[in-house]
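There are two complexes below, and they share chain A, which is joined by chain B in the first and by chain C in the second.
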Partner chain A sequence: MRRLKSLFMTLGKYPTSIIALVIIMVLLTVSIVTVITIPYSEARRLWSTSSQAWEDYPKRAEPVWTNWFRGGGSKLPPTIIRSTKDVEPLSVESLGSAGVAKETITEIVFDFPYRVHPSELGLTFDAVFETSAPFARITWITPDGREYQVYDSAIYKRRHSLSSDQPLQRALGTFPLLGLFSSPDETLRELSYETATTPQQGTYTLRVLARTFEAESTLDVKLIVYGRVSGIAGTDHMRRGLIIGLLWGTPIALMFGLLAAVGSTMVTFIIAAIGVWFGGWVDSVIQRITEVNLMLPLLPILVMLGIFYTPNIITILGVVILLNIFSTAIKTYRALFMQVKNSPYIEAARAYGAGGFRIIFRYMIPKVAPILIPAFVTLTPGYVFLEAALAFLGVGDISLPTWGKILNNANTEGALFQGQFYWVLEPAFMLLITGLAFAMLGFALDRIFNPRLRGI
Partner chain B sequence: MAEKLLQVRDLYLYFRTMKGVVQAVDGIDLDMNRDDALAVIGESGCGKTSFIRAILRLLPRNVDTYKGSVVLLDTDIMKLSDERFRTHVRWQQMSMVAQAAMNALNPVLKVGDQVSEPLVVHRRIPKKQALAQAAEVFRMVGVPADFLDRYSFELSGGMRQRAILAMALITQPDLVILDEPTSALDMLTQANIMNVLKGIKRDLQQSFIFITHDVSTTSELADRGVVMYAGHIVEISSAEQFFLNPFHPYSQKLMASVPTLKVRKDLEFIPGRPPTLINPPQGCRFAPRCERRFDLCEQEPPLFALEDGRQVKCWLYK
Partner chain C sequence: MEPRENTVVKTIPGEKPSGGSEDSLLPKIKRSHPAWRSLRRFARYTAVRVFTLFCTVAVGIYLAILIANMGGYVDTIVEGTIREAVGSQAANNRAVLLMSREDRQAWIEDKVNAQLASRGMNRPFIIRSFEHLLGALTLDLGRAQFLSSDSGSKEVKRIILERLPITMVLFTTGSVVVFFLALLGALFLSRRYGSTLDRIVVAMAPTSTAPAWFYGIFLILIFASILKILPFGGMLGSSIPKTPLMYALTVLKHMILPLSAWVISRIFLAIYTWRTFFLIHSEEDYVELAKAKGLRNNSLERRYILRPTLPAVITAFTFILITSWQGAIVTETVFGWPGLGSLYYQAINAFDTPVIIGTVVIFAYLLALTVFFLDIVYALIDPRVKLGKEGAQ
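Up next, the complex of A and B:
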């Protein structure tokens, strides 16, 4: 404990290491909180393509905070959701003599002060009935009082997209999104996305006339004006909030990086010690395996593995460790152990009859072990990047949200061609600060533990 | 008649090097009784350390020839397998205080852990008991028991030396081999260590072989002196006889190089250098440097047995 404290005191002398420690602490906290608040199964469910969790989110929306950097006129609209459930109906009338059927008129109102069109318009119906479906007639009222009937039908499906409603487009003579937000002085037929001006600002009203035909039947209508900004990380082409991927990517990246670094380094270290101690053919075999292994291309092997076996992240981790055991580090450690092997105290241990493995684990390894600590830290970002690279190449668990997976999606969906830089920059930023933090800490630790660098 | 402890016959240990084969131990015969303290004396590079390494089978990788017989209490330990040798001979029957003993402590283990290691390894004694025994031995060699809980760098040179000595004694082996036990210590500490060793010899009837090139400290402890030169034993005699009246010309020169307090004399040295053991001279190996050489020295002399159990490898005593 005292030594740990003195280690931190020494680290304090290197400002970069303090920054690094802060970043790592933040990443660790994020990881822990994420894993606790969004359990693994929940994360998988949220990220799966069939998830309904995201249906009220816009596609490809930028992060909300990007609006901070936009002037008043060019702020992007966020998503606006209004439901008839939340407002009192204007009138409720019984229809016919049986008294079962009802006609309810409700108006939902929203302000639209933005000069950029929303991305989509949608309705969600929440209908409760047994045999006869409710009926709805929905009228869109612009701030200047023009009325457009946007829906007039029985409820036959839960979701209805206004912005891609073909009959409505024919009736309006232009794209619904442009027509419904047009100014009174515009001719609808001439509107197109090329000539479109700004949407009309003001208070829009949606009048919902709902008819239900059963005693217990109800109908609630929800209007979703899909915005162009959403959440603190934006959304992807499947409306999923990137935040889930960014958050869940953190524990996965850290786990993968640290386990791969620690696992491969420790095994390498022990194998190097065994090779040096027993020498002869044992050493030769280890060295030859290393030389062959150094020739093997890691990435193509992993991609091949991914194609043939669709392995999960743990399997990939295992293979990565396995392929990195016989790495160049074995040569470095071998040189260190060679020196240690000839120390007088090793000789003394031999003289009192200590066995080979006792000497390796009690005498040789503890002596050199401190240099492993910077090695763990400096090797970690490499494996974090490797994991991202593999996910980017589509190797590994498809349903697990990771930084590499987000980059993969951004790539296949052409995020950069459509100007959605946030989609690429966010995971890239996470990778960058992770790499930076570990690298900075690693350099500081290296100076502390590596006597040759001390004082430089 | 004392019990026979060690009987070495025709022990050879050659090393392969880039320049050729080094004949470090070239046919050594030696007998030793229990309770004997044997001092192996000689210049640097005459094969002293190789000799005890050959006995303890602590060999480097480049061994060329390793043969002969070493009988330790009726067992020819040369015939044992490496594993059996390791588990049954090392530290059970023979222990060693290595050269540069100061550095023989593992820097990352506590001294107590390390001194008790032989018990844990060989006797499978639980750690706690082993530590208690270590404390006992520490007391014997004059180290406070609370030093058990320290690391080697916290100990002074003399303390370290004694800790190593404690480690050699902890299993109560039949034979303790000390390789220059006092070479890196100051005079006072040397005297102190020698007194500790004397005490142990007196109280435990411990048998010692110790290697030294410091003739004066040897005189304190040794019962018999063994002089080595160029891989051969050239003289074996009781300590008194040896110090008062050495026979072999090399021994005489060696003694003449040691300053004495009472008699004023010019210190002598032996011209030339010990021969290289890669290509040792034919005949008597000391002949090229010997003032008393004559024709017979062209051939190698045997080890002549004289009265009082003295043995000398020189034609002068034919």
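Up next, the complex of A and C:
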């Protein structure tokens, strides 16, 4: 305990290491909070491509906070959701003599003060019926009073996209989004995405005429004006909030990096000790394996493994550790153990009749073990980036949200071509601070544990 | 040299020999010329290295074969090749064409099975795996399942040979730039130890934990997406330039970003490590003595600092190169650079097993050749190789 305290005192002399420690603490806290608040199964469910949790979110939307840096005129619209459930109907009328069928007229209104078009327009129907489906006639009313009939049919599916409705596009003579949001002085036929400048600002109304034909039958209509900003971290091409990937990426990256670093270093250390103690052919076999292993094309082999077997992250971790056991570090540790092997206390242990493994594990390893601490820290970012590289290549567990996976999606979906920088910058930023924090701390620890470097 | 050597040797027999093995070596050394001796040691060193590297390549390839075979993928390569051959045989055989559909199918199956048996496919895997290994080692890489070379060939060897020079151009240039920039930078900083620039470079050293592809993303974002002055990726752009000069310039323009990414990701750590080598060595007593003698900085650096540290520098550089070669897959994918790494990525996405294995084989060879080349440089620089172990002690 006292040694740990003095270690922290020495670390205080390196200001960068304090920053690094703070960052690592924050990352650890984020990891723990994430794992507790969003359980693993929930994260996988949310991230899976078939998840319905994101259907009310826009595609490729920027983070909400980017609006803070935009002037009043160029602020991007957020998603606006209005439902007939939340407003009182204007009129309810019984149809026919049986008194079962009803006609309900409801108006939902929303304010649109933005000078940028929304990204999509959609309706969600919540219909309850047994045999005869309800009917809806929906009218879109612009702020200046023009009316467009956007839906006139029985309800046959749950979701209906207005912005990609072909009949509506033919009726309007232009893209529905442009037609429905255009200013009165713009002639509809000439509108295209290139010439359309700004949508009309003001209060839009959606008049919903719903007919139900059974006593217990109801129909609720939800209007979704998909925005161009969403959530703290924005969304991807499948409407998923990036925040889930960014948050869950943290424990995965830290776990992978730390376990790989600690696991491979410890095994390397033990093997180096065994080699030195037993010497002879054991030592030379270990040396030869190291030489061979150093020059193996590890990443291509790992990628191959990932493609042919689609292993989960734990298996990948195990293989990574296995392939990194016989690393250059074995030579450094070997040199250290060589010095230890000849020290008097080892001879004393031999004199009382201690066996080889007892000497290795009780006397040799504890003596040099502190040297491992900087190695744990310095090696971690390398493995974090390795995991990201594998995910970036699309290798491994597809349904696991990680930073590399977000980068992979961004790359294959051409985020940089289309100017969706947040999609690339957010995971990159997480990777960068994780990598830098561990590297900076590792550099400081290296100098503390390696006196030869101290002055330099 | 000759007379002096003799006098030295003559005095030794009178003294007590230091060790048994050296005693038996002495008569041999006495007869040979020192240059010959150096050459022999050099040859032995080279032979040992070639052997080790060859073992590495073999192990790497065997590992790849094992991985691929556990899913039965290696056998599909062989079977695919046979099936194709038998299919074209059937198409050229009138008798077979006149058969009924079932008979023709049976005829093909029969032939395929016979060929499989003649190739020894019914033998245990352990034997066949060594045959595969031999095939891979002699670069007999089979035919691609889906991918083809730009010239239309399906032969894996041709596909790879088309991509290899493209990768070499990028990474050889990158290595040379990193090596000289880092060496000059490290020497410069070791002279100005403790200056602001020195502190900045030391503080920047942790940035090298991020690999080249990671910096590549940022560079593309800045120079291609925002500034729009450099291309997003690729090597030639939309049209192939007509004159050789234009061709070279276009390639150069496309090379700027991947090359920069590669240099940025390696340079600071290399400068920091080598600067530290130099600083530690400049505290040695013999350097202090040389300083006291009043030797000029220039020759002090060259003869007393650079000379003894260069082997360590070369070793460090070898590891930089090895890690970077391996990173080529991701770096090339990010930049769309049509080299081996991109080919590997394409093969992965197309699930083209022969190309995947073929590329791993070439990667193994490439790594080994790089290391071999640097080993030779190392041997030329390090006096211990020339003088042998006794010389160093």
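Details
Here is the rule we use: the second predicted complex is superposed on the first by the 453 of 456 C-alpha atoms of A that agree within 3 Å, B and C clash if a C-alpha of one lies under 4 Å from a C-alpha of the other, contacts with A are read in each partner's own complex, and residues count from 1 in each chain.
Rule of thumb we're sticking to: a contact is a pair of C-beta atoms (placed from the backbone, for glycine too) under 8 Å apart; a residue touches a chain by one contact, two chains touch by 3 or more.
Small disclaimer: the values here were computed from a predicted structure and weren't measured.
Of the two partner chains placed by superposition, only chain C is touched by A:N411; chain B is not.
Looking at the shared chain after the overlay, A:K367 reaches chain B, while chain C stays out of its contact range. Counting the residues of chain A touched by each of chain B and chain C gives the higher count for C. In the superposition on chain A, A:M440 makes contact with chain C only, not with chain B. By the touch criterion stated above, A:I398 is placed in contact with neither chain B nor chain C. Within the superposed three-chain model, A:F308 lies in touch with chain C and out of touch with chain B [touch as defined at top]. Shared-chain residue A:G353: touches chain B; no touch with chain C. Of the two partner chains, chain B is the only one touched by A:G279; chain C is not. When both complexes are overlaid on chain A, the residue A:V424 reaches chain C alone and has no touch with chain B. Residues 279, 343-345, 347-355, 358, 362-363, 366-367 of chain A touch chain B in their complex.
By the touch criterion stated above, chain C contacts chain A in their complex at residues 52-53, 55-56, 59-60, 63-64, 67-68, 70-71, 73, 193, 203, 205-211, 213-214, 217-218, 220-221, 224-225, 232, 276, 279-280, 319, 322, 325-327, 329-330, 333-334, 344-345, 348-349, 351, 356-357, 359-360, 363-364, 367-368, 371. In the complex of the two chains, the chain B residues touching chain A come out as 56, 58, 61, 86-87, 89-92, 95-96, 98-101, 103-109, 117-118, 121-122, 164, 167.
Residues 16, 288, 291-292, 294-301, 303-305, 307-309, 328, 381-382, 385, 388-389, 392-395, 407, 411, 416-417, 419, 421, 424-425, 428, 431-432, 435-436, 438-440, 442-443, 452-453, 456 of chain A are the ones touching chain C in the complex.
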